[in-house]
Amino acid sequence: GNSDTGGNGGDDGTITLGFSQVGAESGWRTANTTSIKEAATEAGIELKFDDAQQKQENQIKAIRNFIQQKVDVIAFSPVVESGWDTVLKEAKDAKIPVILTDRSVDSADKSLYKTFLGSDFVKEGRLAGEWLVEQKKAATGPVTIVELQGTTGSAPANDRKKGFAEAIAANPNLKIVASQSGDFTRAGGKQVMEQFLKANPKIDVLFAHNDDMGLGALEAITAAGKVPGKDITIITVDAVKDGMQALADGKFNFIAECSPLLGPQLMDLVKKVKNGETVPARIETQETTFTQEQAKEALPNRKY
Amino acid sequence: MSNRTAGYRALTTHRLFWPVVVLVGMLAANTVYRPGFLSVQMRDGHLYGSLIDILRLSAPLILVALGMTLVIATGGIDLSVGSLCAISGAIACLHISQQRDQNSLGGVLTALALGLGVALVLGAWNGVLVAVIGIQPIIATLILMVAGRGLAQLITEGQILTINSDPYKAIGVGHLLTLPLAIFLALAAALLVAAVTRRTALGLIIESVGGNARASRLAGIRSARITFLVYVISAACAAVAGFMMTANVSSADGNAAGLWVELDAILAVVIGGTSLAGGRFSLGGTILGALLIQTLTTTVYAMNISPQTSLLFKAVVVIAVCLIQAPGFRARFTRRRAPAAGPTPVTEQPKEQVPA
Amino acid sequence: MTTLSLLAARTRSRLPRRHVPVLATLALLLVLYGVGVSQYRAFSNIQVVFNVFIDNGFLLVVAVGMTFVILTGGIDLSVGSVVAMTAMVSAFLLREGLPAALVLLVALLIGPTLGFLMGCVIHFFDIQPFIVTLAGMFFARGMCTFISGSSIPITDGFWTSTSQERIGNPSGNFVSISVLIAFAVVAVAAYVLAYTRLGRNVYAIGGNSQSALLMGLPVGRTRIAVYTISGLCAAIGGILLSFYTLSGAPLIGVGMELDVIAAVVIGGTVLTGGSGYVFGTVLGVLVLGVIQTLITFDGSLNSWWTKIVIGGLLFAFILLQRLIGIRYK
Amino acid sequence: MTGSHPVLTMTGISKSFPGVRALDGVDFRLFPGEVHALMGENGAGKSTLIKVLTGVYSTDHGTVTLGGDEVSFTGPMQATAAGVSTVYQEVNLCTNLSVAENIFIGREPRRLGAVRWAEMRRRARALLARLDLDIDVNAQLGSYSLAVQQMVAIARAIDIEARVLVLDEPTSSLDAGEVAQLFRVMRQLRDDGLAILFVTHFLDQVYEIADRITVLRNGQLVGEYPTSQLPQLGLVEKMIGKELQVLERLDEQSRHDAAPAEGAPLLEVRELGRRSAVARFDLTIHEGEVVGLAGLLGSGRTEVARLLFGADRADHGTVRVHGTPASLRTPVAAIGQGIGFCSENRRAEGIVAELSVRENIILALQAARGWLRPVPRRRQDDLVERYVRALSIRPADPDIPVGNLSGGNQQKVLLARWLITEPRLLILDEPTRGIDIGAKTEIQRLVAQLSDGGMAVLFVSAELEEVLRLSHTIAVMRDREMVALLANDQSVDADRIMQTIAAGAGHEGVPS
């Protein structure tokens, strides 16, 4: 039978939102998806969800199909920053407004999308770095840092690395002695950390681009007979539940939050955009940072 | 000719001589870069060092590659092993996480049985597609490779499932006689597969099916059964590897567990000297191949080769391994003048013509 | 029964037999499309079909190259990375300010060169294609991240205008230039395979390379040629992709080689070589494209159900294809 | 021929494979306008010499001179270009291509670079007509029997513009008619000045066509002789290096006076058939009986054999084994009923080239026992040693890959594979294909001996003589139909069978 989806957004007043997600590559991402789905149901918006399985090609295809289905609004989390002009132009020609979430695009023509809702990865890296600078401002000797990068070539990895490096440049004592990709996974984080520990007799700080790699590294540190959080200061990004738990337990020292709960904000924007209201070109998600104490407080209401 | 040179010749012409040379070379390079690389210390009653890490981390790959060897020997290929790792690990972790006492041995054993059971069923599914319906192996197993990832994520609901179970954790990071338990498990699996294939006639029959399927059929071999069997064995190996991977980090990640392990496994098999066209297989070669691949990965981290160039580095090593192994390559350099050795005897690759 | 009638019976049943797999695939593809049309209203827009071509143009070109390789019984795992590398190099050179024509030339040379080198290694040193092209894949992907860790946008006038050119009715139904290029590649490849010595040698080698050698065919040359062709197609695919995305991204096309191999095999080409058609490959690409379109149109599946349904549809398709194949054997 | 210069000279050719010295300083000359037979036992080095000539193998020592220039081909492509056209021992064609393409690939008629398919088919048809072969040139080569494929390979070779034509056992599965046709063509080519190198194990054929003979033994040259000066017996002696009364022994074997088999009916088939393969036929085989299948190329003998073994599935008919209904739908089922089958196509359906001689020999036995019960090593050694000796498989090392053996020796390995399973009915399709005269006698003796011991044999051979010599009963095939069943008594001889074939459905002979 005809499941009457799409193409009828205007007829009966309900708004149809086409949303193209990056994939389901991490718990963070799944929480993001869940948030968006729940918020859509709550707001009475009909959601057409598409999973791009981490491929830009797939996202472009999805957007084209959304255009064919004449959805009212298109939102997507770009897999990479560049390369969206052509398809966004098609959306614009079809008079469908576009909202970016989570990651931005570097298009020169800002009229191609209405707004960008999401975190600032560079800022996350910078927050982590600034906290460290603050902590180690009394340090006289060199402080050795190892870094667990995300997937090589991915935007969060690039930006967090950049932000962190900028921040710690303030103190020449802080030195990154090793930096490797742990692919954002626990197994990767653990395996890389094992070798870091063997190659560098003295590691003071670990900066991991996400909680999962940090959690993996924890095991390697324990196995090497060191105490995480004490012998090695651990800083991560994301603040997923397991990470917060580790922070509350004193195994991590600091987390820069990267909130996946964009749903409610996004639905607000969708309605505004649909009604032709003007919206700011850049909306940052409400995010914070956590220290061990803050984590203990926040942990009980942590859902994801 | 003295006995010594004869012995030397026998050694250098041995199938596994060159992979071993590369492996040793890589370890040597690491030692030069960091003299402590080979050192192994005693810590908390077990051995600790990069070599031990290599052994432990290569265990899952060895397991997957063992199953893959048999599949490849029949002329097939199994792309679904990565997904199977994720599924079996996810099921085991899910079951354990639902236990009230995650440390209870009974609960862990049921979890393992469940994970293994589901993997066997999925292996049988692969086997039926290839052996009974006659779908080309690469496509038949691609189906499960794609859908299996989805299944694994369905089981974990897209989250990383963290567990806190010491018996389960032992599979990944436990120790036995000061050495990682994982390596014993891999070794046991290798011995088991070796016994099943070489003590019985299974190995011969697999090689025969892979070498010439038509001739084997006419010799009275039920090749469909054998083909079916190897996919089931491969799935079982992948399941155990999946347990190890998840136990290693005490969590099941439906998306990342065993991602791309099929490529590494195939690479290990091929480095070990088994032809992708099927036929003769070498379990020892496969194990060596897996160790080599893990050493390569560890080397990248240990030498702190930047992530931007690590793939270039891997490419160079892989091609070097192949070249040094290839008789054609060595022949060209040992006796430059002589024309290329003729092709090996006329052997017709039996073709099975099936669409998809 | 006389010989004559027997032979007649044979020829009658034989003529279409060779085409049965391709015809079955075509029929099933139409069924799949029909399912989409009956389920989703907007699916019947002709632009949906055009979009499948627009979105899969580069995949099609790469798959055509892969068809050559698989027909000889080989495999080329490097294509996905070569596509990415080509796009990356183009973007990089354009950013450095090189003229578009020169960039195009350079980009089109890299792929075939790498393919040629891999072909040489495979042939002269007798190393399995899988391993050689895997190293090629590592190399090309490594080059991508080596050039730049993040994606590079393309702002060059030629690129943007080609990319955004709409052929047909710009506000209605249209295709992109890439689609025309892809069709041209398909046509040339089909011609080469059917009507040139090179093409026929490809089939002969896939049938039995030992025999082909003894029959005095240029086995080595042909084998090197197919990897070069595959490299060239990957390079063209990379250019099309850079038109498509107007950027070079280091991680684009990861795993594309599997999609490509799947498309070729679904199109009826046998992985051991020697039988298959470019037209089948076109169908294979369309099957993957239509499955994906179906899923996007549905829009109710979450991430994991997406994968499971893709697997399920693939399974149903291949099973039916196979059963029809057996039925008409 | 006399006085002219040789078109091809090979001097001091040596070639070693690991552990085997295949050629040891062999000299060979070939003159324009002659047919030169290269003779020798299985494994003597004939095929190796040919492959050295065409550049498939490189030489260790020695020189090759073609038309006065020293040449050193690095591959068959160069050899073909230089005017050496070759049919190798095993059929080396691409079964996935059409017949026409197999003939013309590499030198297709083209216009502006495009292959002219219609022209190619037309020329292929004309060429095959010259060899008296009427088949669909558009069909896949693989759909034809091995003998047809052999004819296609010959057609390909004779069409190439060449100075030297090399034929390595081209007649091994051809019947008399086809051979005659081939010889007619060969004579014509020779008279046009072509130099022809011809390898065969059929002595009659040598004396019919060859002008000169070169004999090899164990990789060494024995000598070069004008055919007229070397009587058959002398030739055999030169080949085997011993004085053996082979020819006399051959005659002893005749079954003309053997009583038709008395044994109980072993296999009874009624109305067995397969659409577009063989018309329905009845056949009864008794214990200890040897049934020969006679017929021309493509008459359906192979198809009958395959149906009885379940290699192809019959779509009609009933089978009884020892009186009880049985099903022979798969090879496994047939083997379960005590039937063994040795295929005519040893390369595609017989040997597993990578596996060792030992493994190939025990394969069928092992399959029958199931993978859980491996044949004990001791027993393997016994069996393998016995048959390596009995069939004089050379080299006698059971652990080398069977693909490294010469063609004839591979055939012996296949025979051994089935003999050790001790079947109740052994179906042999061209078992003596490519086997030298000494071993052939040995095999024939073995078959006779086994049938005396109660084993039934279905014997298919293109060599009518052989069928006549061994069989108790002869089934005659024509146009894929069994047209007659003859008891092999004094009245039956080659002529009578040929007449039966020619007459078609005469249906004379004994009811079964």
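Lettered A, B, C and D in written order, each chain numbered from 1.
Basically, a residue touches a chain if its C-beta (ideal position, glycine included) is under 8 Å from a C-beta of that chain, and two chains touch if they have at least 3 such contacts.
Since this is a predicted model, take the numbers as computed values, not measurements.
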Contact-richer chain pair [A-B vs B-C]: B-C
Averaged-CA centre spacing for the pair subunit C and subunit A, given as whole angstrom: 34
Cα-centroid distance, subunit B relative to subunit C, in whole angstrom: 29
Geometric centre distance via CA averages, subunit D-subunit C, whole Å: 43
Junction residues of subunit A - those touching two or more other chains: 23-24, 30, 33, 152
Numbers and ranges of subunit D residues touching at least 2 other chains: 56, 88, 92, 95-96
Subunit C: positions in contact with at least two other chains: 145, 149, 207-208, 210-211, 213-214, 274-275, 302-304, 306-307
Chain pairs in mutual contact under the definition given at the outset: A-B, A-C, B-C, B-D, C-D
Residue numbers on subunit B that touch subunit A, as the complex places them: 34, 36-37, 43-44, 48-50, 53, 57, 153, 157-160, 162, 173, 245, 248-251, 253, 255-257, 297-298, 300-302, 304, 306-308, 310
Contact footprint of subunit B on subunit D as seen in their complex: 51, 56-58, 72, 74, 88, 90, 92, 95-96, 309, 311, 331-332, 335, 341, 343, 347-355, 359, 363-364, 366-375, 401, 403-404, 417
Subunit A - residues contacting subunit C, complex: 2-7, 18, 21, 23-24, 30, 33, 37, 47-51, 53-58, 60-62, 64-66, 68-70, 79-86, 89, 93, 106-108, 151-155, 157-158
Subunit D residues touching subunit C - in the complex, by the definition given at the top: 56, 75-77, 79-81, 86, 88, 92-97, 101, 105-106, 108, 110, 113-115, 136, 138-140, 143, 156, 276, 279, 479-481
Residue ranges of subunit C in contact with subunit D within the complex: 1-3, 6-7, 9-11, 13-14, 18, 191, 194-197, 200-201, 203-204, 206-208, 210-218, 274-275
